[in-house]
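Labels run A, B, C and D following the written order; every chain starts at residue 1.
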C-alpha cells in the first residue's frame, strides 16, 4: 500500500453545498474540514467526517459538560474514554460495565433496534477482555393505551430478550416507565456488566508500526449507512440498494464472536480490539489510531463484504452488526485466523499501523481518503450553546400543588393505593422480564423485580448489585435535583440489596441541544449528577449521550439514566425487597415530608406534572446508605426496600405482594406523622427513605441513630391477608389479593389488546 | 468417572453443566461439536443454549454435528445421556427421544422458576428423589411445548417414561395453569424406552444452591454420578 | 354474495437485509453435502381463510392485513402466493 | 449442463397440531376489525437457490433437503411451491 495523492473516485458526486448540508455539516464545520485537509474533501472523506463529527460519535454538544463529572476513585481501573469503564472488585477481579442507547433505531424498528442495542453493549464490554455476566435495560414508552406504544413495547422487549437469551447473558434488571412524554420517541438503553481478571484488561489502543489491522466477525453489508445524500431521492428500484437499511442483529454470530474475542484477547496474539459500532469501520479504526497516536492505513477492498459493488464510502460507514476490528501482533496473523476459524468466523487483514501520522483509506491502489494525524477524532468542534430554562417549566415547578383538591374517590385511600399500584410505571414488570432469561450462568442471586439485581462472582464469596434508575419527571421539573435523585436512588437501591455503591455509568437522553431550554436541562442535569456522584463516592466510569430525542409533540423528558454497580462483600449480606415472613417489625429509615411535587400520585390521580420534585440531601443519603450497610452487615435486616415512585404506601404494599406466591400482611401505625397532610405521608415521594423489616428493631434504630439517620418503627408484618393502616385517627384495610391483582395484572391486561405499528386501531 | 459436556456453536449453558458435574464430584470433559470422539466419557450432557441460533428449528442443525454421531452410538449402547433444554430439543431431533418441542403456546420466551413433580424414581437420573417429590427448578425457553402423537403419549405414560411433569406448587396437577408452555400432558421431561436417555426442558444445573433459590437439581446429578460410578 | 376463500401469502426478509436464519440454513445444507445450494432466504408462510366477494376482494383483504399487521413494513416484503376457494 | 434454479418451499405444521401462532394472528386480525377472517395457519417459507440439471432435479434436491433437515417429520408437512430459474 503505497501512498499517492488523494483522488476522487470516478462516479462520486461533486462536493456541493447541498451535499455538504445533506451530510449534516454546518458551513463552519465544512470550512474546518477544508482547512484540516488543505483541499476540497472527496465524497468518501465527506462521508467519513459526517459520521465522525456526528453528535453520536463526537459528543460535540456534551463533551464540555461530561468533563465536569468525577471519574476517579482508588477502585476505578478505567474511566471514560474506553469501550467500557472498569472497577476493581477484589481478589484480582474487576468488572467492566457500560450503558448505551438505541433510541432512534428502536423508534423505527423496535425489535431489531433493541436487539442490536443489546448486541452493541455486549461488544463494548467483551472488547475490554471481560466476559459479560449481566444485562440490564432502561426503557421509556408513551402510554400503553395506544396500539403503537404497545407494539413498540412488545417488540422492544422481544428484541432484548431474543438477543440476550441467545447469547446466554442473563438479563437481571431494569426499569420501564410509561409516560406520554415518550410518545413517538421511546428510549431504549441497555447496560452490560462483564467480569475479568485485572491482568486481562485490554484497551482499544492501536500500537506497533507494522502491526496488521484485521476485520473480524460478520461480513459487511449496506446496513445502516447514513444515506443522507440519498434521502431526497425517490425510493425507486435503482437506488433501493443505496437506501439506509435497518441493522439486523444475529445473536448467534455474536455468541461466537464473544467466545472468539475472549479467546483472542487471552491468546496474546493481539494488541487491541474494538467493536465496529456506530459509524462502523471508520470510527473504530480512527479511534484506535487516535488513542495510540499512530497512523493507520486501510484498504476497503480487503474488507469481507456481504454484497457486491460496495463503494469505499459504504464499506467505511456500514453499521453491519457483529463485527470487530483487531490490531494483531505482526507475524501472528495466522494464529488470529485460526482462532476465528475455530468459531466459524472470518478474519481478514485489511490494513496496518504505520509510522506516518495519517489516517489513510485505500481502494486497492487508489487513496480515497486521507486525514492528517489524529485530526479526524481530535479536531472535531465542540459547542456550548446558550442555555436558558423554559419559563413554562419554571412556572409548573412553582405551582403550589398542595392546593390541588382531592378527588371524591380519594375518600377511600385504598382506592388511591390500588390505582397507583395499577399504574404501568409502578406495576409489576414481570410481563416483560419473564421473557428474559435471568438465570443462565447460574449466578443470579436476585433477579428482576427487586430493588437491585445481585449476581454472584464465581469463585468468591462476593457479589455485585446492579440497577438502573431515573425519574425523568423530576429531571423535567428541576434538572439538577432530578439528576441528583437519579444517582441517590440508584445508590439506595444497591444499598438495599446489601451492597456498597461503587461507580456509575450513565446515559444522557435529551432533546435537541440547540434549543436553549434543552441545553439548560443537559447542563443542570450533568451538574447534579456530578454533585451526587462526588458525595456518594460513585465516580462516573463511562456512559453514552443520546440527543435529539424529540417527536412532533416536543422533547422527551430529560432522562439521565444512571446505571449503578455496587459490591456485596459477603453473600450472607444479600437482601431482598419483599417481606420474608410475618412477625417482623417494620422500621422506616428516613423521614416523611409534606412534599407532593412531581409525584406519581399527582401524575396518576390528578393528571398533573407540577411542583418541585422532592428535596434531596446528599449527605443524608450517604448517611442512610452507611446506616443500612451497618444494619445489614450486622445481620439485623430481613428485607429492605427503598421508597420511590408512589411513596411510602406503595413501597410497603410492594413489600407485601411483590412476591405474588408468598404475600405477607402488614399493619402500619402512621399516627406519628399526623401533623403532615395525609396524602403526603401516604403517597409523597420524600427522598432518603427505606422500609426495613427486622427481628431486631432496637438494634436497627440504634444503628440509625449512630449514623445520624432518622428512624422509627412504623408497624409489623402479619399473617393477616391484608394491609391495615392507622393514620389520622382512623384505621383502614385493603386486602392483599386486591393489591396483588392491581399490581400484577396491570400490564398483562393492557397487553391483551392489539398492538400495531399504526397509531390507531 | 468422566462426564462429557458438549459445546455446540451457540451452546450457552455448557459452563453451567460443567460446574454441575464438578459439583457432584465427577470429572467434566468438554466435548467440541466438531470432534469425533467422546474422550472416554461415562455419561454425556447436551447442555442448553441456542445451538446454531435455534435457526430453522431448535436443535435441528446441531443434531447433525459430527459429535452427535458418537453421542447417538453411545446412547444406543446404553450410555447415559441427559439433554437439558436445547439438549432435549436436539435429542428429539436426533430421534433418540420421541416427539418434538414446539414454540411455547404463549408465543413468548418464558423464564421463571416452576414446580416439577418427579413422576418416577425408577430411572437412574431420579433415583435420588422421593416419589412424587415437588422440585423448584428454573425454566428458560421459547420452544418447550412437548408434542407427540396419541400413540407416543400413551406409550410414554404407560411405560412410566414421563419423568417430570409441570404441577402446581403443592404438587397437584392443573395442566392448564401449571404448564408454562402448553406441553401435552404437562410433560417437562421424558426418558427413552431403555431408560438411559433423559430429556428435560427445565434447568437442574441452575438449581444447585439454595442461595440462588433452589438446590433441587443436585440429586439429579448425584444420581447420574452414582449410577455411572457404580 | 360472499364466499370463503383460502389465501396463501408469504412474507420474506427484504433483499439485502441480513438474513441470519437463511445463512445458517445454507451453511447447514452445505455441511450435509448439499453442495449445489447457494443463497437461502427464510420467511413465513401464512394461509388465511377469508370471506370475500371475489378472489380479487380476498386478495385485497389479505394485502390490507399484511400492510397493517402481518408484515413488517421496514424489513419484510410480502406476496400473495395463491387465492383459492376454501372448502 | 447445470444451471441455477430458485426453489420456494413451504413447511407448515401438520393439521391437527396446535398452531398457536395461527390462532394469535387470527385473533389479532379480528381485533383489528378484519371480521371476515376464519382460520389462519402459520408456517415457514424458504427460498433456495440451487444448481441443478433441470427443474425436476432442482425440485428433487429440495425435496431431499426437506426430508433430511428442513421439515420435522414428526410435526410438519412440506410442499414445493415453485421452481424457477434464478437470475
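To be clear about the criterion, a contact is a pair of C-beta atoms (placed from the backbone, for glycine too) under 8 Å apart; a residue touches a chain by one contact, two chains touch by 3 or more.
Given the structure is predicted, the values throughout are model-derived calculations rather than measurements.
Asks: Can you give the shortest number of steps from chain A to chain C, where adjacent chains in the path must touch?
Replies: Minimum step count, chain A to chain C: 1.
Asks: Could you please state the distance in Å, as a whole number, between where the Cα atoms of chain B are centred and where those of chain D are centred?
Replies: 30
Asks: What is the distance, in whole Å, between the centres of chain C and chain D, each centre taken as the mean of its C-alpha atoms?
Replies: 9
Asks: Chain A to chain B: how many Å between their CA centres?
Replies: 36
Asks: Show the residues in chain D shared as contacts by 2 or more other chains, in ascending order.
Replies: Expected reply: 28, 32, 69-70.
Asks: Which positions in chain A are in touch with at least two other chains?
Replies: 250, 252-253, 344, 756
Asks: Two or more other chains in contact with one residue: find those residues in chain B.
Replies: 52-53, 55-56, 60-61, 64 - these are the residues of chain B that touch more than one other chain.
Asks: For this assembly, give the contact graph shape among line, ring, star, complete and other.
Replies: complete
Asks: What residues on chain C touch chain B, complex-wise?
Replies: It comes out as residues 20-21, 24-25, 28, 31-32, 42.
Asks: For the complex, which residues does chain D have touching chain A?
Replies: Those residues of chain D that touch chain A are 28, 31-32.
Asks: Hey, which residues of chain B end up touching chain D in the complex?
Replies: Answer in residue numbers: 56-57, 60-61, 64, 92-93, 98-100, 102-107, 145, 147-149, 182.
Asks: Looking at the complex, which residues from chain B come into contact with chain A?
Replies: Per the touch definition, chain B meets chain A at residues 9-10, 12-13, 15-16, 19-20, 48-50, 52-55, 108-112, 138, 140, 142, 169, 203, 205-206, 208-209, 211-212.
Asks: So in the complex, which bits of chain B are touching chain C?
Replies: Going through chain B, the ones touching chain C are 52-53, 55-56, 60-61, 64.
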